[in-house]
Amino acid sequence: MNVPAFAPYTEDAVTRFMRIRRQTLALCAGLSGEDLQVQSMPEASPGKWHLAHTTWFFEQFVLGCDPAYRSADPAWDYLFNSYYESVGPMHARPKRGLLTRPTLDDIRDYRSRIDEAVGELLVRGVDQPLAARIELGLQHEQQHQELLLTDIKHAFWCNPLQPAYHHASSPNESRSAPMRFVPGRQGPMDIGHHGDGFAYDNETPRHTTWLSSHALANRLVTNDEYLAFIRDGGYRDAGLWLSDGWVRVQRDGWERPLYWQQDLTSEFTLAGIQPLDPHAPVCHISYFEADAFARWAGARLPTEAEWEDAAARLPLHGNFQDNLRLHPIAMPSGDGLLQMYGDAWEWTASPYVSYPGFKPLPGALGEYNGKFMNGQWVLRGGSCATPRDHIRASYRNFFPPHARWQFAGIRLGQDR
Amino acid sequence: MNVPAFAPYTEDAVTRFMRIRRQTLALCAGLSGEDLQVQSMPEASPGKWHLAHTTWFFEQFVLGCDPAYRSADPAWDYLFNSYYESVGPMHARPKRGLLTRPTLDDIRDYRSRIDEAVGELLVRGVDQPLAARIELGLQHEQQHQELLLTDIKHAFWCNPLQPAYHHASSPNESRSAPMRFVPGRQGPMDIGHHGDGFAYDNETPRHTTWLSSHALANRLVTNDEYLAFIRDGGYRDAGLWLSDGWVRVQRDGWERPLYWQQDLTSEFTLAGIQPLDPHAPVCHISYFEADAFARWAGARLPTEAEWEDAAARLPLHGNFQDNLRLHPIAMPSGDGLLQMYGDAWEWTASPYVSYPGFKPLPGALGEYNGKFMNGQWVLRGGSCATPRDHIRASYRNFFPPHARWQFAGIRLGQDR
Amino acid sequence: MNVPAFAPYTEDAVTRFMRIRRQTLALCAGLSGEDLQVQSMPEASPGKWHLAHTTWFFEQFVLGCDPAYRSADPAWDYLFNSYYESVGPMHARPKRGLLTRPTLDDIRDYRSRIDEAVGELLVRGVDQPLAARIELGLQHEQQHQELLLTDIKHAFWCNPLQPAYHHASSPNESRSAPMRFVPGRQGPMDIGHHGDGFAYDNETPRHTTWLSSHALANRLVTNDEYLAFIRDGGYRDAGLWLSDGWVRVQRDGWERPLYWQQDLTSEFTLAGIQPLDPHAPVCHISYFEADAFARWAGARLPTEAEWEDAAARLPLHGNFQDNLRLHPIAMPSGDGLLQMYGDAWEWTASPYVSYPGFKPLPGALGEYNGKFMNGQWVLRGGSCATPRDHIRASYRNFFPPHARWQFAGIRLGQDR
Amino acid sequence: MNVPAFAPYTEDAVTRFMRIRRQTLALCAGLSGEDLQVQSMPEASPGKWHLAHTTWFFEQFVLGCDPAYRSADPAWDYLFNSYYESVGPMHARPKRGLLTRPTLDDIRDYRSRIDEAVGELLVRGVDQPLAARIELGLQHEQQHQELLLTDIKHAFWCNPLQPAYHHASSPNESRSAPMRFVPGRQGPMDIGHHGDGFAYDNETPRHTTWLSSHALANRLVTNDEYLAFIRDGGYRDAGLWLSDGWVRVQRDGWERPLYWQQDLTSEFTLAGIQPLDPHAPVCHISYFEADAFARWAGARLPTEAEWEDAAARLPLHGNFQDNLRLHPIAMPSGDGLLQMYGDAWEWTASPYVSYPGFKPLPGALGEYNGKFMNGQWVLRGGSCATPRDHIRASYRNFFPPHARWQFAGIRLGQDR
């Protein structure tokens, strides 16, 4: 976690803090207390819990740095600790949806109180370690903003009424650019975070890796292309699938991306049921589906090193949460690699493991990333639900291979 | 279902209808939309769902009798049908808690609309079959009132904050009367519903059964008596338990009634954590626990016929929902059989099966009771959460033997 | 358990003991060590385990009555105790199939040693209590003979090769007698064991019960009749089923009796795949199926009291294990009630509960029957796998409502 | 798969074929038909099934190359196909233990028949592709030899009698050499199979990878060292564990290696319960335990590239199946890296994924390795149950992180 120190913190720091914190509330503006109460699966959390947990993060890891700090209600540590074993015991994850109390109003008050306290700290000035923790809290807040959106999307989809979270944007009329493969660099290359900005511990240390001869597709796989895979029997041909993936296909009856309707012409979105845009990137697929599609296409997924080496030289443009579309859109044209950022997270061929020489953050914050380095695959590039100022080339997201409720899609890669 | 016809229905019928319907809302008065959203286990339902389902019952089975009736939103049939296969498909029971839409306000509107329509019917006058269906709807409403209370109790108990549903009543200082056994009648006796009042189909037909020589305890088993069972190792002695019960004891770690605290001196109630009253009837125990306690006490549970034959000659007095205590209380003294009604449902030694010559109601309403005649045991007498005008001597409640979240307790019986 | 004392026991007692014990081995004659090793589901046991457990029963409850008795290998108590908690801890039931040691030869030796010891006791003479325990051991042995057959049938059926346990008998060419309903007696009747012969504790005490006006079908339901139920959509009509049964139908995909082939013209038997005899009694159905069939047929199942009152006046004739057919056969003609004994156990409408005044056997043997009085239904009359001298009018067998691997069929009853 | 062609094949090829095939039978010599019948968990297979499946492999992939070949019993394809979806449907893996037929004698005959047919092929001479398939069959046979041993070990351990598979070897009196860290090479290095010998597809292609500065421990972690971890509370400190591992520790109650006795002084081995040798390598631990131990020790696990780069320069010496000890032993002294081969498979820090440019074998044999590249970790070096001529520096074994029933242990690595 690399964050420069400012003492006293400028007003911009307070502004940034308040802007990001308010954005979380803004995302909940159209949701009722009932909507924010519900947990549709163990992997998701209620919106209310996201609001409280991100606040608890600041209370625990920022305000709590002051030994004199006393939490207003220690029982809330138990409720809103997500997975920090070294902080203490916690409420069982699959039961977060049962917490009707504290009420949404209580949580809003909680947010105000903690925001005020952190704001005062910032105004008084904080040292570098504390500034780093506040920055980590804001990055954490932004991660939960994305989860808040993907979790409410899942919850609404579980409702036979299939309600909409927001109004649909005007339809995108663009066609997608033709798919081309763009050669990547070969040989020893350095990846991992460098420079002054923020990064999670799992993006460090910067280190050398060897890139084989390869190429990356210039854009994401589209719904149309994915339809061709379906129509060609992709979900019925065991030979295309990893063994664990085939088990899922059969056991869970997978026949199409998570939120597609059975007719393959419409899909559930945060704007409710919408026509499927053939040119938009396919999303809400698992690693297993991305991998099977790539095999069917005679290609493979990129490694995270191939992806990062290419992305590091591109500007951070893309279809992000800031657009408020909250859905991937077609990319009509452009040179080189398109859609590397935004639209949909890109499954890579890289299991989520530590970089050589990795050191987790000291103390409880070391549990943020390192302990999940098993059974997950790296995704890169952010999505239409990611805040634009949250992503970077070295950013490593990770999910288990069967996860489908994220905005996750496919970029193809090739051996050359 | 025996209900006399009135045409036109008197204003008292409208009053009764509105009173019972409003009572359901009154029970929700202190609960937020969040509280009413949550489903803490598959066997329980959200309060909001209870509010909607009981309304749907009138829409489906009363208003729907008019072939011209069109439901405002047929999708709601899917959401709020509980288990009537012949009405159509339905939302999966364990997922009722995911329905954040329709909102609580939508449901309140729904209740108003349907109440108005049924009220109009009543004012215009209804024939006997329709009157019977309205009466069934009201009895159904009252059943769900009790479930609403037991379900919110379970949900609040799941919350580490253990919130209270209402304020505690003033403590009850009474001691319990000494336990005595009162001989019952022996020989051929008739049980089952007779007379003009309402009864469910499963209480009919009235028929002869043979009572062996027996006696019933004069009152319910108290917390103190149950504590003696615990302290004597009752939960550790396999010899006291039915085989299926012993599996539960070990698998689920049962050591005390559901809502008792580990210290055995306090318990979770609808008024939050309260001191355990040694003289109050024990409740929130399973059939397995009732049966094991009885075996430990050298006694047995009464059969439902023994219970009904005795109860039929007693007045309908007791500690009911109407008292607003919503918890069992000690019975200081009295002659004969005490606490036969109210306080706690009494597990009987009778599996829930049909009476000789049983005919379920015709049509979908035949699914109300008959199809559950497997794997459940009969409980009798109503509880502190039952409306006083809902219970009668012939009333047969039923739950599976492991169920603990109802206000269910123990009356001992004996062979003589 | 009522058994007359003989001192010294006559040679006939020794002969009887040896005959029954040898019969168990005879049933295994065509099976390899591998066949006897396998446990195809938690509810079944390996043949080898049956051989050992029945022997352990004599060691524990007969030889072990002598305080000086020392078991050759106390570890075997752990292995071959089935469910007697008061005897001590035991090997987990679903893992019986893992016990490749002791070997089949070890178990055969064990049987010989224990048989010799019990034989010596019998020759020297035993007092009444010990005679009763030996008799109980023999009855127990016979129960396990039937289970050995039903368990190996299930295991062989699980094998895609569907091997045969024995050669098929010559086909039975008989047609079944027409179905008629025979009126039963009404009023107070006594049921339960009486007289001098052996009975399990659960058949006592003899007591009065009240029979309503009713009739019983003169014979078992045939395969042809059951086919009509299937063809009429019986397995697709929720209205015919108990709620728990309908869950099974859907979850487990029930469409026909357990061992029928998909084409509905042949079935798996102990003689391998055989043509379905339309006139033979249907068997290998659950209580849920028997109950649904009866409802479809406009009838109901008999209560156990109705059955016993009728059966007690009939001779003990039927198609038993002794015939070595090991499959039900058609009953061409006859007066009154046919097939009451043998062919297939008859599911009754009676849950398995205690009789009024029931006292289990003292000590560990009290666990034989009483602790299973939950969640099971009574079956009456024995089957083609029951030894003829094991059954009687008061005999109460019991299985959970979903059990299908026993030779269980249907006799219809009627209210009159 | 790289195998040189010989035409006609020399007699040595026949000898090798017969030697390896006979070795599988030799491993079963002390086991009864019952022992070989049993499957103690879904991940294990019965010995009889291993005997049949390895034979089916030759029938399917060698003899079946002749279009005129007709299998004696096509039903056996269903029974003994393990996971080759493109060959056809197969018997469910967790139900392999139910196949009492074909009998052990049938399987022995099957082995003889197929051995004779393959032997004849070899004598007549085979072309390179067929020679490669025969070689693959033999390598496959050797893999199953190891599994046969680990599976019977698990089955015997499940038996409360804890029988021995073979007689214990004379005890090993050696102390272990002190642990030292040996620096590895840094920079671009080539790994993967090269040269003429056999290799699985997953060991190819040889390719460049970048090694960071690191060192490897000179020997495996001993029981004594692992005891120190246990005694220091290693199994109770969440901070040492991956999140998924901590779930296992708590859910499955892990407190020590799989086969250790509770007293931590003895362990179950293929020679039954034996004293724990403090100097012998710890084994039967999961990846989670290896990783937690390494973290506790202030070290990490080696990557597979680090391991291979070091191992490729060492002779293939070690404690293998050929020793017939079938248990790891202490390594008293020596220079450089010890125990790299044999004793215990070494968990690496590398998830099992494809090498850059990986191409699976064409056809059904492509399912051998590639489809398992998810959720597993690479192990290197072979074990005391691996045939000496089966292992090599580039060999990649893989198991899921919770697997404990293999002879898997720990070598530490370090960043430098």
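Chains: A, B, C and D, in written order; residue numbering restarts at 1 for each.
One rule holds in what follows: contacts are C-beta pairs under 8 Å (C-beta built on N, C-alpha and C of every residue); 3 or more make two chains touch, one makes a residue touch a chain.
Everything numeric in this text was worked out from a predicted model, so none of it was measured.
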Greatest separation from chain D - chain, by CA centre: B
CA centroid of chain B to CA centroid of chain D, Å: 59
Rounded Å distance, chain C centre to chain D centre (Cα mean): 47
Between chain B and chain C, centroid-to-centroid distance (C-alpha), Å: 38
Where chain B touches two or more other chains, by residue: none
Graph class of chain-chain contacts, one of line, ring, star, complete, other: ring
Residue ranges of chain A in contact with chain B within the complex: 32-38, 40, 48, 75, 78-79, 91, 95, 97-104, 155-156, 158-161, 163
Chain D partner contacts - residues on chain A that touch it in the complex: 83, 85-86, 188, 207-210, 212, 214, 238-239, 241-246, 287-288, 349-351, 353-354, 356-357, 366-367, 371-375, 401, 415
